[in-house]
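Dropping a structure here in structure tokens format, bear with me for questions.
For reference, chains read A, B, C and D in written order, and residue numbers begin at 1 within each chain.
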Amino acid sequence: MDAKEIIARRVAQEVRPGMLVNLGIGLPSMVANFVPSDRHVFFQAENGVIGLGARPPEGMEERDLTDAGGGFVSAVPGAASIDSAMSFGLIRGGHLDMTVLGGLQVDERGYLANWMVPGQMVPGMGGAMDLVAGARRVIVAMLHSARGASKIVPECTLPLTAARRVSLIVTEMAVIEPTVRGLVLRECGPGVSVEDISAATEAALIVPEDVPQMNLG
Amino acid sequence: MIPEGAVLLIGGFMGVGSPHRLIDAIVARGVGGLTLVNNDTCRPGEGVGKLIDAGLVARAIVSHIGLNPVAQKKMLAGEMQVELVPQGTLVERIRAGGVGLGGVLTPTGIGTLVEEGKQVLEIDGRRFLLEKPIRGDFALLDARQSDYVGNLEYSLTAHNFNPVMALAADTVIAEPHHIMPVGVIPPDAVKTPGVLVDYILERAR
Amino acid sequence: MDAKEIIARRVAQEVRPGMLVNLGIGLPSMVANFVPSDRHVFFQAENGVIGLGARPPEGMEERDLTDAGGGFVSAVPGAASIDSAMSFGLIRGGHLDMTVLGGLQVDERGYLANWMVPGQMVPGMGGAMDLVAGARRVIVAMLHSARGASKIVPECTLPLTAARRVSLIVTEMAVIEPTVRGLVLRECGPGVSVEDISAATEAALIVPEDVPQMNLG
Amino acid sequence: MIPEGAVLLIGGFMGVGSPHRLIDAIVARGVGGLTLVNNDTCRPGEGVGKLIDAGLVARAIVSHIGLNPVAQKKMLAGEMQVELVPQGTLVERIRAGGVGLGGVLTPTGIGTLVEEGKQVLEIDGRRFLLEKPIRGDFALLDARQSDYVGNLEYSLTAHNFNPVMALAADTVIAEPHHIMPVGVIPPDAVKTPGVLVDYILERAR
């Protein structure tokens, strides 16, 4: 199982029945593949649909039915079209139960940076700032390190997405919960020890006595 | 009809729900110095990206430019000003401009770069950014269909910014895929009342 | 022709082709009867319809299609249902070309009072404050006097509906235009002289040399 | 389910678009001390007027009480507090509560009694009242029809406050005239997504 699949499978365990969930593009969108259909979850794409379904078979795509990444999708029975005001009304208003986003850095306060690298890459925040500010639960799904450097740092050096403590960080190595006291190590990835995680993490981690293995469903 | 330097609100999200015929017409006429308000800068050669390719956009107010390297390059070269706005804030700013509100009080952006230079209000113990309304000289909209009164219906994820932009410009031009006789669209199906729409132009087949 | 019909007929002359017009309940609603159908005007009822039509024949009423006074109406071809947020978005946002309201008092500044009489009658402002603050043209349609007292006064003693100069005052005696300089008498009612109007008006009037008779269509 | 002292957002404009079965149920149970948020106080014996007749409403936040003499009397006698709010401000305050904005900046009410005790902001030379968001413990809605997921469609002038109130309460209960199987309401016809609705109760025939 590759790193991304580990992350997607573990995040899928966080999805509870009946939730409204927004998945970011890229890695986070893989989470949908591991959520059982009997959980009656509605996926929101912030560009305007609640009840996102799988990519349709070739030749059956509809030009006006896409996800936030511009990819063709389908709509499940009971889906609803919404405009951008309603879409972000749901997000900002606390109606979105969970959002899963990628990250560039998360720090000991639990703050996320994921929208720009000054002088290098300025894609823009898109809907990320609203999602992180407004969703009930914010889950950061990302690789533990990038180019050998830990993405979990004492304090974000990149511009913040929101001054809000995210709910959970899921990497291929660990599940980490930001709390008032700091980052608490909750689970170890498959075949990874607490020592491996500490060595790969620049931020200070609070390590409870018992740190179980990830449940990958 | 659209002069140099106009502020254009153009519907669409990565080109989905954009008025492609109107965009092509602006490119053909080569009207420059435009301010573009859209969710994003689309991709080169697609949707509003065509306006940027043609060098017609002096300023873009968008939430995302990450998928358009031409826009990135023009921004870094100083050929195009870019104001990046969180998506939910962008749509509310346009709505505020359209419905006569003085601004938007949003928690989004508090504690980030977006806060810089803006007024922050504390209301009942929580902090909110005061974001200013946006209005356009023209709104260019995509619609599934209209009637000859200008009542509009939209399609699936092609709604996006279109219904809100319909409220916020001096002149509203809609590009429906079909135009139906008056009375065919039931009142409950109308998402933008025709009184908001000044011109309709059917999408060429 | 009774006083109310004079007022309604005269106000109807202000309606231009293609306008979106809101008529208040009571006297203002009579204006619709005198607007020719070839003027392609859309009437808005702020409770939620654009394209208000006449009262339907008995037995053909629809419970869910009423005007702001709760009376049954019909919808013209091309009508649209709107919710209260859209309805007042149109009003506050300057999309409403004209509103016609009743008045308790209008003063020399052109300010209107029409929503309460302290200690006596507190019906509430309903949509009136938004209408007066937001409509492009505000026309006050009212009897010139009430219980022998002029309703056009130097300064409103009743609580204001908005601190905004209304566009025109139409009574059975006169058409009066509030301006920066004060109230200008524009037209005299049928069989009414300038002297009659001055005598019946508590506020100061600016009287041009030529004051024509009302055109009642 | 509704406790004493709850804040109820109830759809309807002079009783049109009100959830009559739910209102009757509250009257039958006699739950008191309620805060009622509605466009108006309807008429005695009709719509939300029944709640006032029964003495269950301690506080009403409405735009109009002129057609309900019982409400007038109770207000003057001090038996019911009444907060009168301009209609457009009322709906935007509820919307702000529902979509997570910190308040509403409106020109309506400037220079009138409505301004009293409120903060006024000058933005780019114009003055706006800061009006606070409104949220409810429960929203009770009327709808034309729903599906079993809770997606709602509304009918003509029975829309009024219902779609906005659906956003602004902890628990949302809708009373559709019909409940349809899931999949029957097309996505573009949905005005309130089912994810906002907690319970649906079909209107008794």
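Remarks
Here, contacts are C-beta pairs under 8 Å (C-beta built on N, C-alpha and C of every residue); 3 or more make two chains touch, one makes a residue touch a chain.
Heads up on the chains, UniProt names are A, C = Acetate CoA/acetoacetate CoA-transferase beta subunit; B, D = Acetate CoA/acetoacetate CoA-transferase alpha subunit.
From a predicted model like this one, the values you see are computed outputs, not experimental measurements.
Of all chains, A has its CA centroid at the greatest distance from the CA centroid of subunit D. Of the two interfaces, C-D and A-D, the higher number of touching C-beta pairs belongs to C-D. If you average the Cα atoms of subunit A and of subunit B, the two centres end up 28 Å apart. Here the spacing of subunit A and subunit D, counted between their Cα centres, is 35 Å. Note: centroid distance subunit B to subunit D, computed from Cα atoms, is 31 Å. Across the assembly, subunit C contributes 49, 75, 81-82, 85, 88-89, 91-92, 134 as residues in contact with two or more other chains.
Annotation for subunit B: residues 92, 95, 99-101, 106-107, 144, 154-156, 187-188 touch two or more other chains. Every pair of chains meeting the contact definition is listed here: A-B, A-D, B-C, B-D, C-D. Those residues of subunit D whose C-beta lies close enough to touch subunit C in the complex are 13-17, 39-40, 62-67, 72, 75, 84, 86-89, 91-92, 95, 106-114, 144, 154-164, 191.
For subunit A in complex with subunit D, the touching residues are 20, 42, 49-51, 75, 77-82, 85-86, 88-95, 134. Contacts from subunit A toward subunit B in the complex involve residues 45-49, 62-70, 75, 81-85, 87-89, 91-92, 121-130, 133-134, 159-164.
Those residues of subunit D lying in contact with subunit B across their complex are 92, 96, 99-107, 121, 123-124, 126, 128, 130, 132, 144, 153-156, 187-189. Note for the complex: subunit D touches subunit A at residues 95, 98-101, 147-149, 151, 167-168, 182-183, 187-188, 190, 193-196.
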